[in-house]
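Each structure below appears as structure tokens.
The same chain A turns up in both complexes below, where it pairs with chain B and then with chain C.
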Partner chain A sequence: MSQEIKPGEVLLELEDVSLSFGGVRAIKNVGFNIKRGEIRAIIGPNGAGKTSMLNVINGFYHPQEGTITYKGVHRKNMRPYVAATQGIARTFQNVALFKGMSTLDNIMSGRTLKMHRNFLWQMLYYGPARREEMQHRERVEHVIDFLEIAHIRRTPVGRLPYGLQKRVELARALAMEPELLLLDEPMAGMNLEEKEDMSRYILEVNDEFGMTIALIEHDISVVMDLSDRIVVLDHGEKIADGTPAEVSADQDVIDAYLGVAH
Partner chain B sequence: METLYNIFIDPFVQMFGAPDFLMQVLWEGFVSGTLYALIALGFVLIFKASGVFNFAQGIMVVFAALTLVGLYSLGMPAYVALVLTIGVMGLLAVSVERLVMRKLVNQPDIILFMATIGLTYFLIGLGEFIFGGEPKKMIADELGLPGGSMDFEVFGGVLILENRDIAAAVIAAVLVAALWFFFSKTRIGRALRAVADDHQAALSVGISLNQIWAIVWFAAGIVALATGILWGAKSEVSFALQVVALKALPVLILGGFTSIPGAIVGGMIIGLGEKLFEIYWGGLMGGGVESWFAYVIALIFLLFRPQGLFGEKIIERI
Partner chain C sequence: MFYRETGQYKTSYEADSSIFPILQDRIGIALMLIVAFVVIPLAGNDFFLSSIMIPFLIFALAAIGLNILTGYTGQISLGTGAFMGVGAYACYKLTTYFPDVNIVLLILCSGFFSAFIGMLFGLPSLRIKGFYLIVTTLAAQFFLEWAFIRVGWLYNYNDSGAIEVPERTGFGLVLTGPSATPTTRYMVVLCLVVAMTWVASNLIRGRIGRSWMMIRDMDIAAELMGVRPLYAKLSAFAVSSFYTGVAGAMMVFFWLGAAEVESFDVNESFSILFMVILGGLGSLMGSFMGAAFIWILPVLLRLIPESFGIDISVATLEHINFMIVGALIIFFLIVEPHGLARLWKIAKEKLRTWPFPYA
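Take a look at the complex of A and B:
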């Protein structure tokens, strides 16, 4: 069984993780941890292996080597279903929404694991299954208010502009009430104002709900502002790990990452 | 001139000259239409959830009907046999999910399609082994499907509705409506649409692909059983019955492979269209129109609207 992790203790520990696709070594012996309650940034140039790292954490990719310890449970790899049931939610670099569904339905899908009425009840739909749906609607409305997307509640998400799609994706992840939230470039392609909004949401989620966040982001100023600790990857290797101040003073990072134009 | 008259004017003159007969034709088209819609739904559900064109849908119809008749012949009451057959279809769904889908997840769609062909031959073999190859009689009376017919006075003529056709249309319509409701209004339905839209995102919110697949295969199994009973009652239960499932293909091309309303509307268009065409234009072409009409309509659709009436995207997956 997973154990209770207090704020400041290690929530997730990756040890010596290596992942390759055929000949491509995407991650090479990388290890780092994420502590409960922190905002942990993962940065690095294009192709550094950041997204692959998130995919390892939520079980989309199974590393050939290394271990993942989440909430005290030691594993060779995660499975997406287990990750979700254990409180890991995520967003995707290239928005992955259910395009045919409304904003509301997309966010409601985040409640999947919180709903318990079984198959038969749902067939009948009315009665308890219906009541359960209503309770979850309420929680979802909170998320909608928080992210200020009430006006697009009924809009099919495929029709929304990119910035709003990203926000709906965040809403879906928040609806899961996760313990660990993985964000893959949540501000990519956004204008300044949208970025500021998104930064504010991330900080509030972290502050008010104590949600632990792993954040991949290319915008260095955003990363420096938001994160408690930063791990830097380059060509699949970890080249630095520390506070924003430590990392920005690191010569390897300056050479490999900050020197590279984006 | 005369040909043009025969094609464009005469059929309508006939239709409006004898509206009671037109009603009869429309009714018969409607009955087939509901059954086509039902069969097409079986395909749509599985296609939506997994992107797989289930070649085995036809043999599932035969297998379900054979199981029902076979269980009944062991001496149990018809309704008990029916419930047990539903159980068998559930077992089949779970087995297919465990032994086929789960093993082949992440393989290209064509591999999964091939797997359903494999499944088809497996079920043919299993069916023949257990039940033998000779045709059997559907236990329609035993299941309480009514016989006889009802006459109605319309437009100064008589409209004859076979009670069994009425029952078939009602059962098919209720089943179609129930499936539509289930998959569009409930949480499982939302999960199914989520899986259809984006596998990875669905996984990330904790939707279990395995569970969804088992459910859609079970739904397809129920549809197959209903088709087997209703169609079997019209003719007989034999392996030839699997060709009725072929009729679903033009329906799907019309309605789109991913659309539940599409399956319903497509089924109606084909059902009504082929009956009308057979009766009023068939003579011009020497009859036998029903066997090819649906495919020609489908072909025309493929040329002009390959995504179907309601389909979301071009079918590139089969």
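Take a look at the complex of A and C:
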């Protein structure tokens, strides 16, 4: 089975991954790794295949070629459900919260996999099911405190402004206590203040809980400040991989972002 | 002014997550239960009990069943009538084979048959959604109706093709059949409905209910949080059909006394669906409100001309009735598309801050 991965060791390794939809090749022979405890950024222009990459990692898409090794185990094609049981959580580019539920219920939904009381206990509620519910409520309240969203605990998430919805989505992912957290543009559409808040949360999550984070972001200055290592994709191909300093000095990256005369 | 939560502090998560966190709501629900359990059986006449309250409660239970599926899990079904039928026929067969077993127990058992059939017809929901799912549940409706007519074994090969409720006793009382008093039947129905509503509310506020709502709101994200769509959808179909099945069995055994396939036709499915939509998708309280609106309102409307001494023919009365109820449905859906339960909730929120809403 999967082995224990220490900080600094490779948690997830992608080798030669290719993904195509019909004739469109979204990802072409990309390979990189994510080490435990780091913040790994995936950047690139629109349509570079960044989100597809995340979808491959958590099992939404199954690549036609290439191998994925997670926690030292070579991974077959899996359902997103299985990825969740193995400790991979994510947020979405366009918020995918449960609109009809309150903030609290949304975050509690992150605890689904950790709750085990069966149907009969749930029917009775009082007793073991409630005790379990309250234990998890306490964990959820820690997350709520951490992200400073106590005041919107009871609000249906559909009614929240965009910035807060993003924060609730992060809270929901954190409630899963994942080993690998995938963030798809956590700061899209935010103002400066909200971006700063979000950056602070991401750094704290990484520092305090030692959570490994893979992040897609368009705001280059944020990415340079936050991440330990960056992989750059363009048109489905990997064009650079390294520390922020290395990547920002790379001629291919500069060309991809600024454009070159053909 | 009296509906305030001021000064009611929660000191534990248990208290904070109770169904009725506000004291006034708890008093309200207690009063309603006292009225239902004590006042109505003592004060209500036979007509009120057997033609208004018993069907109202039974329809409310069926609406809760459909609400679990449609309101909480987001899977629309038009097979409710047929699933009620499965419960009724199953109960009829069970009591034929086990005449000495308490009928209440058999009614609950017949729910399991309905749950099984519901799960079977819920299987397509794993692949198809929305309108297409409606069509497959409609197929369930027509197939089961066909079975209720063609499979003579289901109604013991009666010449009439109907199931007739035999006299059954339990708890030392005559519970079903012509000699069961309306009060007895009412009390049995009430106890079952209250208990099952309580169970439904427990399921909904726990992990299982949350996983249903997760599937309803965003199935992709739900799977990512560790909900298996197969389990969540099929358990919703099972629980929902269990409730409608029990409601169907109660409908025949405690209300109609005899039933043919017409009692479980697609119109029945529609009227339960209207109750759910009008009452409020995803609300238990709404299920009761919707059932009251669709069932009690027409009965009251029928009584009004009589009480004023106006003489209208029954047919005219029926037509006027349709028009008024229809217009009211449209009116309420325009005012609040989320149903009566939402209206009620908004009213309560307003009341909380009245008369100083900005303070």
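Everything below uses one rule, namely that the second predicted complex is superposed on the first by the 255 of 262 C-alpha atoms of A that agree within 3 Å, B and C clash if a C-alpha of one lies under 4 Å from a C-alpha of the other, contacts with A are read in each partner's own complex, and residues count from 1 in each chain.
Assume contacts are C-beta pairs under 8 Å (C-beta built on N, C-alpha and C of every residue); 3 or more make two chains touch, one makes a residue touch a chain.
Because the structure is predicted, anything quoted here is derived from the model rather than measured.
In the three-chain model built by superposing on chain A, chain B clashes with chain C.
Residue contacts after overlaying the shared chain place A:115 against chain B and chain C alike.
By the touch criterion defined above, A:134 lies against chain C but remains apart from chain B after alignment on the C-alpha atoms of chain A. Judged by the touch definition given at the top, the superposed model places A:254 against neither chain B nor chain C. By the touch criterion defined above, A:245 reaches neither chain B nor chain C.
In the superposition on chain A, A:24 makes contact with neither chain B nor chain C. Within the superposed three-chain model, A:105 lies in touch with chain B and with chain C [touch as defined at top]. Overlap of the chain B and chain C interfaces on chain A: residues 58, 60, 80-81, 83-85, 89-90, 92, 96-101, 105, 108-110, 112-113, 115, 117, 119, 122-123, 125, 129, 133, 172, 176. Chain contact summary for the complex, chain C toward chain A: residues 12-14, 17, 199, 202-203, 205-208, 210-211, 213-214, 216-218, 220-228, 235, 282. Within the complex formed with chain C, the chain A residues making contact are 58, 60, 79-81, 83-85, 89-90, 92, 96-101, 105, 108-113, 115, 117, 119, 122-125, 129-130, 133-134, 137-138, 141, 172, 176.
Contacts from chain A toward chain B in the complex involve residues 58, 60, 80-81, 83-85, 89-90, 92, 96-101, 105, 108-110, 112-113, 115, 117, 119, 122-123, 125, 129, 133, 172-173, 176. The part of chain B that touches chain A in the complex is made up of residues 181-182, 185-188, 190-191, 193-194, 196-198, 200-208, 215, 312.
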